Amino acid sequence: MFLHVQRLINEIVPDEPDPAAANALQEGLGGQFGEMRTMMQYLFQSFNFRGATAKPYRDLLHGIGTEEISHVELIATTIARLTDGSPAYTGAATKPVDEPGKGGKTPLASALSVGNIHHYLVGAQGALPVDAAGNPWSGSYVYNSGNLVLDLLYNLMLESTGRLQKCRIYEMTDNKTARSTLAYLIVRDQAHENAYAKALESLGIDWGRTLPIPKTDAERFPEVKTLLDQGLHLKQYTFSLDNLSEAGKIFRGSAPASVADGNLQTEQMPDGFPMDIAVERPEEFAPGLDADLLELVQRTAELELDDADHAADKVTTK
Amino acid sequence: MFLHVQRLINEIVPDEPDPAAANALQEGLGGQFGEMRTMMQYLFQSFNFRGATAKPYRDLLHGIGTEEISHVELIATTIARLTDGSPAYTGAATKPVDEPGKGGKTPLASALSVGNIHHYLVGAQGALPVDAAGNPWSGSYVYNSGNLVLDLLYNLMLESTGRLQKCRIYEMTDNKTARSTLAYLIVRDQAHENAYAKALESLGIDWGRTLPIPKTDAERFPEVKTLLDQGLHLKQYTFSLDNLSEAGKIFRGSAPASVADGNLQTEQMPDGFPMDIAVERPEEFAPGLDADLLELVQRTAELELDDADHAADKVTTK
Amino acid sequence: MFLHVQRLINEIVPDEPDPAAANALQEGLGGQFGEMRTMMQYLFQSFNFRGATAKPYRDLLHGIGTEEISHVELIATTIARLTDGSPAYTGAATKPVDEPGKGGKTPLASALSVGNIHHYLVGAQGALPVDAAGNPWSGSYVYNSGNLVLDLLYNLMLESTGRLQKCRIYEMTDNKTARSTLAYLIVRDQAHENAYAKALESLGIDWGRTLPIPKTDAERFPEVKTLLDQGLHLKQYTFSLDNLSEAGKIFRGSAPASVADGNLQTEQMPDGFPMDIAVERPEEFAPGLDADLLELVQRTAELELDDADHAADKVTTK
Amino acid sequence: MFLHVQRLINEIVPDEPDPAAANALQEGLGGQFGEMRTMMQYLFQSFNFRGATAKPYRDLLHGIGTEEISHVELIATTIARLTDGSPAYTGAATKPVDEPGKGGKTPLASALSVGNIHHYLVGAQGALPVDAAGNPWSGSYVYNSGNLVLDLLYNLMLESTGRLQKCRIYEMTDNKTARSTLAYLIVRDQAHENAYAKALESLGIDWGRTLPIPKTDAERFPEVKTLLDQGLHLKQYTFSLDNLSEAGKIFRGSAPASVADGNLQTEQMPDGFPMDIAVERPEEFAPGLDADLLELVQRTAELELDDADHAADKVTTK
Amino acid sequence: MFLHVQRLINEIVPDEPDPAAANALQEGLGGQFGEMRTMMQYLFQSFNFRGATAKPYRDLLHGIGTEEISHVELIATTIARLTDGSPAYTGAATKPVDEPGKGGKTPLASALSVGNIHHYLVGAQGALPVDAAGNPWSGSYVYNSGNLVLDLLYNLMLESTGRLQKCRIYEMTDNKTARSTLAYLIVRDQAHENAYAKALESLGIDWGRTLPIPKTDAERFPEVKTLLDQGLHLKQYTFSLDNLSEAGKIFRGSAPASVADGNLQTEQMPDGFPMDIAVERPEEFAPGLDADLLELVQRTAELELDDADHAADKVTTK
Amino acid sequence: MFLHVQRLINEIVPDEPDPAAANALQEGLGGQFGEMRTMMQYLFQSFNFRGATAKPYRDLLHGIGTEEISHVELIATTIARLTDGSPAYTGAATKPVDEPGKGGKTPLASALSVGNIHHYLVGAQGALPVDAAGNPWSGSYVYNSGNLVLDLLYNLMLESTGRLQKCRIYEMTDNKTARSTLAYLIVRDQAHENAYAKALESLGIDWGRTLPIPKTDAERFPEVKTLLDQGLHLKQYTFSLDNLSEAGKIFRGSAPASVADGNLQTEQMPDGFPMDIAVERPEEFAPGLDADLLELVQRTAELELDDADHAADKVTTK
């Protein structure tokens, strides 16, 4: 079973809207080597896992798979921010419905020439489950052969490719919103690369000088360097509420990358950062409620929530 | 952020393996109206949600979306059990590697004529992210217009269609493993149908006699009746660890179905049921470790997990 | 603009339900060389047509394209009949809702082993827009280069391939329902093959002995022979209500097939055959109305339709 | 059976070519919520319809489905006009073949940077069966559960989403050609929204204040307002030549939208507007006939069409 | 540039037709880890290769990519043989056209229940570019990141997965035709696994005991053992006519698999085995020539081929 | 079996990088009518060929299919050159790793607005198996009905469509690198059009004045005219190393195009042009080797290749 907390796994730095950067980030969300894929691949691998004696490996997959859901949340939210308001439509706040096309104006005109038009046409300036070329995510991406060595080898390659692509996107844009999430995911992909490399090391492989992939010098990517200095690439979160995960048996000792840079360690989960709810976008008819409906919504929002008063205790005191 | 516990959201009743039933259940996992789709659709709708005043609706989406991840886990595990050992290959336990094809035998012959051959060829007798006709899950399924009424209306239709399909699958097989999960999901789909119908009721729609969809008489589906008698269709779980969900403001009062059957209520999360790790399948080379590699795995498994000793406290005491 | 009459373009002979044959016929509906494709290809070619001097060619495309919509209707209805009741569930008429799963029975069990499971799971024993291997129809099938010779050449090849595939399906099943529609479409495909061959003949190509494709001796396919004896392969319908079509300028004179068998002629449209509405299928929850809803439907059905009393005059007297 | 007349269902206002707007309109043609989808969905729903007592609902589906074919024709023709001549290639009229690349010039250069390159490369400045992001239309879009309430609910959501997307496209471009078709389809989508809402109203649902979706104030969209003032959103066409449609039993009385604005009424079909044939585009080799072939075409065009002289009487006098 | 010789890379052992086995083998041809994919992936990797100093790696990719074309030829031909005549239609030889459906018989009836119906409906008892579940091969399978370590790592995983899947298919059927090709490809995949492992070894990775993947004991697969005894897994062919390949610099020394079994060696190309042309299948209208057309073909076949008399010298004497 | 030589089939003229032109050329590589499709279609047609008496036709298919592999190589290499260095990143040569993002610069920024972003994000400035709209190549493109006349007719249409599209791309760009390959393929497509037209001519079809398609006047395309003047459209290569091809029996005599321009002739293979290996692109991490790994690669490259000394004799002396 899965639970959530209303916190983002990393902070998203504010900057101007940038639909072209948003489109590039879609590769990291819905691309063949993006977060939706890592999430689904590791979850399927853990659901279908075979071999009770190999439980630490199952728990490693389950733990990283769970973290990836939060990555999907992070990068989707980042894309939503990058597309939000990018048509530079203003004045929406005062009259929430029907303002945009007033007299036949074209507040969404920029959608015709920048990024993926679907961000404005199919979605309401939010993230989509597609890649940077507009192809929808496909279940055929998920690799789960059932053979442990192969699955780990694929995962190592998958994380490294995700990291490679994010480094390339980093080189495409200097938008701070985009880079804050890119840098975070570059470092976490490296942590996961370490995790799978370490799992394979426990099966006898010596990686020599080949890791990390791609070879990077953190000095070149300032936001990445900051996170590396914090050792974020050496931590593995379990996101395990019942503390039954044995992933820590694999993710320990020195990192398998050729550059010795400290010991790996397993932690439960980070504190996270606040989540906000995006503003209304009347030019998108989102949420598209008129005065009458807003009044009805307001009544719901004002209710005292008596029922759930003591609900949270249940889990936490188990 | 998301967390997990090593518990299944419902119990899977043991029965014979049944790859044909497993294939039918794939529709409920990777089909256009299956659990992967509900999970992704609600998560995207909550990530891209607009309008802070409508937070209870966002939290409803987020909460159901989180529950759907556990449904994906449940139905994937059910499919894995239905395919597991279905070729009736025996004797695997004693010699874990290379037994199957001994002397050119055909332990996997049944894969040629029953169910989806990919269950035995691409996967190792486990679940796949595809539907019952073998089509991979597609990101194009996800609907997120950004318009609140439309999104809720689609969700209501989506849950009802999922429930309709599961009722049809129920009529295709009497395998107890399959039916235990089908019955559970039929009732939970009804709970979610109630949730979205109630959300739309709060916006002024009166459903008259049209709900539930499909119209069913629980007496006909014994396993479903048992769960309805427990009121499982009237509960909404939030799966919110930090107790910040306001979904309970919507999901309360009488159910919108035409048959009055009690009041809706919101709860945190169920206790769940134990998760097991599946046995090895040497005929699938899964996990495919020989004596040497098993010895290495064993060493990892025997490690004491010192690092994480106090890790779980972090969240629970926050 | 398009209109319809509640008549089928050919009669469907009754026979036993046969879901395996139904699945084969899906190729003729939603396959790469099926009726949905011919319909869409010719309509797009006529919408995008260039060159006013070539109007007879445009009208030929438009006319055949319109006939193909009726072919889609015919083959879809045929498939619906072949799947209808194939689980041999009886007694549904008396109690329209909830009978099927009574006590946990499995009226839809046959769907697990015969034909396409989606006929019973996603649809309610009706036709689907997919091919015989379950692949959904794709817009990428439509060929419309804009070059007249190429478009005609492709169309000739398309009709011949459709005819080839239907001859092969004819050899797969002797179900009378399936064969009545197959034979009709085999002959109409030949008529369209003639039409495109004739159009290319008007541009100077001499087909020698290559037509028809495939080479068949009608004696081998009795239902086909009956229709050929009626000269159905020598007629071209325009389905043009305003009589503006100039397609007859192309489709005239002797047939281009190597076996001289009479002169081509253009007609407006055939008389057609009655259309029935299929029975309810409670095991599919289709239409899924309970007593309350049926009563509401009944009230609608009993209304006198005053408004439209003289409506039909409008077109016919224009 | 289906027929056609050589009339467009609405007039297309002339304006400059605009390939970017053309690409946006592709969503309305080949997108997941475009006209090809509504057409196919309603036709499949009517072909597979169950329950003779519910004939008015079947006829409603069949009638709207038939209208959608004319919408496909309208929007395809609009896109063809928007792409036609957009490379601003001139002088084509005088020398019909081989002029464009004269001496290696690049008359199609703009295709590299604006809109969908396939409009110039795969098609010959005409419409394509794809969406605004270039994805081909898919049969997997068609929803036909067989459950009447669900099918109607989906259709209501589908029309509303189509309308929502067209409102967004309206806000992207002020090209008059594009807007004339967008405005017309926005209003017809509303009429269909009314039709499905009314059908569900007849089954007991009270829509309260939620309709129309999206909420719009016609004043903001001048072309839309003109059509609303004419009551175009309150009419339902049957396009039924034999006057057997009972759709009028459903589509009558007051509109279900929260703003009371008159009574619904059913009509047969509109008069329509003239259809032209597009000019030649030698830079596309369309139709690509040289002097010799044009001469042959000319001979065909000059034929007197004797055969069909009295053909049209057949239907109209039936 | 590429050349061909009319020889198969391995002998195909005759056995009964077996369409179910043929369908399983489709995974090895058109599946995500089949020969079409390896061929395309290595060719793209070599076309896009960067770094002149790494030429031996480029040549290794090019050489294996070229071998894979011959594997595509081999497995496609094997599938064609397994489907050929599987409907047990006899007597075709005497009357080449129109025999099959004589009097309405159903020579292709078995296509409705065994294997992939497209083998008989879309193709003429021949191989298709699809996988064992009927999904068409997709360009999205091709992985070519441009990063050498990643590309090699993926290739190693790809070959191992291909080998894993072929071992599973081996366990599904004991048809000798199928197994002769499966065994050959299992061993060649191992050779390629060795090649990529060795290439990575040259970059510093020590594979420990993890190779080969999957772990197999050749005694269990008799046909495989025969080939291993011949050392076929230790040879690398360059298929380089101009002898410029430097792949041998990588593929040399001891094999990287944990079981030491000899030294690797590079050779030019094997002798190959004769290729036959399949017989006619009149029930498929293949080739579908009637007496007239056959006579024309015969005239072509009887021509003396004067022109090419000395053509072959050109290459061989260069 | 297939072999290769390290020569390109045509010379690629150097010019500036041009990612927009590169994207257009993708249609000729991975598009529905591009070189990957012709290659695969003809190879499948020859693998599945039926009828020993028709061997010259099989050999024609096999020969053209083999040439198409070299076309895939040529156009892929052309695309790689057009994308290579297009971000105008300089100074990479001196410090091969990590230079690009130095201090957070954006060397890949242009990828956001020109061509297909995947050229820079998924690939490393190299060709992709996709079309100009980003759709991956699909196995569903391959047409192989088994009926000889139909297969030849499709191939004629396929070559003509490929030629049509390349003429259109020629009109989109005057980049010399792009045009040198476009012109070559336009002429070779015409040669193949001649080949299939001639094969159909041998079966009795007289093409009249319809060929070539599209109608072009070579004077308009200077690079094309140069090649036509050399008679390149009148040659057919067999690429048959063992000189067993009988394709020359078909491809002889006068060309079937309406403009008589000489006799057809069959040759073995052209001499070809040198192939280079592309430079490193550190901004793409391609090949992504750091100093340590480069040293290891260097050691491999310096090895004397003793083993293969006499290997090439084997084939050439057979």
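As written, the chain order gives the labels A, B, C, D, E and F, with residue 1 at the start of each chain.
In this text, a residue touches a chain if its C-beta (ideal position, glycine included) is under 8 Å from a C-beta of that chain, and two chains touch if they have at least 3 such contacts.
Just so you know, these numbers come straight off a predicted model, no measurement behind them.
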*Whole-Å gap separating chain E and chain F, where each centre is the average of the chain's CA atoms*: 22
*Quick one: report the Å distance separating chain A from chain F, using the average Cα coordinate of each chain.*
39
*Using CA atom averages as chain centres, what separation in Å is found between chain B and chain F?*
47
*What parts of chain A, by residue number, touch at least two of the other chains?*
32, 122, 130, 134-136, 138, 140, 145, 147, 149-150, 164, 203-204, 209-210, 213-214, 284-285, 288-289, 292-293, 296
*Quick one: do these chains touch in a line, a ring, a star, all-to-all (complete), or other?*
other
_Pairwise chain contacts, counting only pairs that touch as defined_ = A-B, A-D, A-E, A-F, B-C, B-D, B-E, C-D, C-E, C-F, D-F, E-F
*What part of chain C is in contact with chain F in the complex they form?*
32, 135, 138, 140, 145, 147, 149-150, 153-154, 156-157, 160-161, 164, 200, 203-210, 213-214
*Enumerate the contact residues on chain F facing chain A in the complex.*
97-109, 111-113, 116-118, 120-122, 130, 134-136, 283-285, 288-290, 292-293, 296
*Could you pull out which chain D residues touch chain C in their complex?*
1-9, 30, 36, 40, 43-44, 47-58, 62, 66, 69-70, 72-73, 76-77, 80, 122-130, 136-140, 142, 144-150, 202-204, 238-246, 248-250, 252, 265-270, 272, 276-281, 284-289, 292-294, 296-301, 303, 305, 307-308, 311-312, 314-317
*Of chain E, residues touching chain B in the complex*: 20-21, 23-24, 27, 31-32, 114, 132-135, 164-165, 167-174, 179, 209-210, 213-217, 219-223, 258
